[in-house]
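All chains are identified by letter, namely A, B, C and D, in their written order; residue positions are counted from 1 within each chain.
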Amino acid sequence: MSERLPLSAERIQQMLAHSPFIEFLKLEVVSVAPERTEIVMRAPLRPEFERGRGSGQWHGGPIAAIIDTVGDYALVMLLGRPLPTINFRVDYLRPAINTALIATARVRRNGRSVGVVDVDIANEAGILLAIGRASYATA
Amino acid sequence: MSERLPLSAERIQQMLAHSPFIEFLKLEVVSVAPERTEIVMRAPLRPEFERGRGSGQWHGGPIAAIIDTVGDYALVMLLGRPLPTINFRVDYLRPAINTALIATARVRRNGRSVGVVDVDIANEAGILLAIGRASYATA
Amino acid sequence: MSERLPLSAERIQQMLAHSPFIEFLKLEVVSVAPERTEIVMRAPLRPEFERGRGSGQWHGGPIAAIIDTVGDYALVMLLGRPLPTINFRVDYLRPAINTALIATARVRRNGRSVGVVDVDIANEAGILLAIGRASYATA
Amino acid sequence: MSERLPLSAERIQQMLAHSPFIEFLKLEVVSVAPERTEIVMRAPLRPEFERGRGSGQWHGGPIAAIIDTVGDYALVMLLGRPLPTINFRVDYLRPAINTALIATARVRRNGRSVGVVDVDIANEAGILLAIGRASYATA
């Protein structure tokens, strides 16, 4: 069965459940805007993601994992299938404390062999906490 | 109480337990070699880290998180305290399937304000699966 | 003599002339918009920057150098002094052929010790050719 | 005419001359060691590459360009043809002053669609000045 493209928020939410790790991240699709190649997801702070015990601060590791995943799904929305990550970079700008994370991914290039996606991570007040840039194999 | 530097494998293993996220990664210090600024850790595959259900394949997210963490501890070994990550890059080279990960981190520069660390991720047979490069604030 | 901040386009154009390499790039300040932390510069194609002889195509090397430099000057505009680059990443999206380059740099974070800047490289028709992300030491 | 692989130092030196930009860098092949996927080149400091006038210090831009180029030729040595850069990262570790640069590039992965290369930049005394990591399209 071929997918109807671009994928809807509902269809993407379904696909997320196929991966135990993504399910563990508890990502929720907030909105899709394929006309500007953008997808927004939300991730709650789990106790397992804390940096220091009782700090309420996200460890950078799950933030990186969210960037990799949400970046991928910006391309999944357009192409209908998950794509292997070639590489990515994350820059940490401010500590993420006592907040869910809002991840906004936007495709900068959807090329024949490589797709490049920018991902901004903000807290619930809209303050930018981290930024990611990822390359995926689209061939 | 000031730490005796460089830190021993036992002391580092203790420190890892202070972070719920690192505890969740179940990282085990395999060896420290401060004279060549190198630390080796091992991480088992947890069910929560699987990419596709039943695939036995690591999702890239936890691999990135392991790179960030083990890279940090190469500097912790020398400096005695955790350091905030400025940014890092991960390149995925081969799928990681049905294997624990062996992470070897080596400090390339321990500067006054910035430390740079390379992290190689191999499977239990020594095949290289992913490589990371990370910058930490040492000031 | 202390600088009046943010720096004007004229003042930045003057400062660019102090560096033989930047002078060689022939960068021209097109506009400054400190209120949105953005600076735009233009670089013409020199014969020395060609990838293949007679191809009219920019080699990636000078594009990377332009990203590093224009990114730095987005922070110079705000802080009044050049800052050492910690590291940067460049992604090449499309070949740059028979065109001057328009570089738009925007500060994503102007922190106490680290500044992070995004740089978009477009051709004269506004098509995105490459993107850069750079960290500078602001301490 | 098909190339005999791996390419010799002489053949690579010839190929470098086809690009006006690479010719401008005055790169000289010092050695090739295809059995460990390594190539070494040397680049002299040109007046046009100075950061501040009369400083004798390399601007970071040409260092980045050298990383991109020498990294590419580590794969050219194995594959016989230039490959487009997907992206690369450079970390600056120490200022490069009054010295030629010695660039050592080693292939970390020569995959079907992506090649990954590490490049170390040292001064003539062997002190590490900058490190690069680059991805190239090999398909």
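Here is the rule we use: a residue touches a chain if its C-beta (ideal position, glycine included) is under 8 Å from a C-beta of that chain, and two chains touch if they have at least 3 such contacts.
Computed from a predicted structure; not experimentally measured.
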item	value
Between A-C and A-D, the pair joined by more C-beta contacts	A-C
Greatest separation from chain B - chain, by CA centre	C
CA centroid of chain A to CA centroid of chain B, Å	22
Averaged-CA centre spacing for the pair chain D and chain A, given as whole angstrom	34
Gap in Å, rounded to a whole number, between the CA centres of chain C and chain A	28
Touching two or more other chains - residues of chain D	86-87, 89, 91, 116, 135
Touch-based graph of the chains, sorted into line, ring, star, complete or other	complete
Residue ranges of chain B in contact with chain C within the complex	86-87, 89, 113-114, 116, 135, 137, 139
In the complex, chain B residues that touch chain A	18-22, 24-25, 47-53, 59-62, 64-66, 68-69, 84-92
Of all residues in chain A, those that touch chain C in their complex	89, 91, 93-94, 108-109, 111, 116, 118, 128, 131, 133, 135
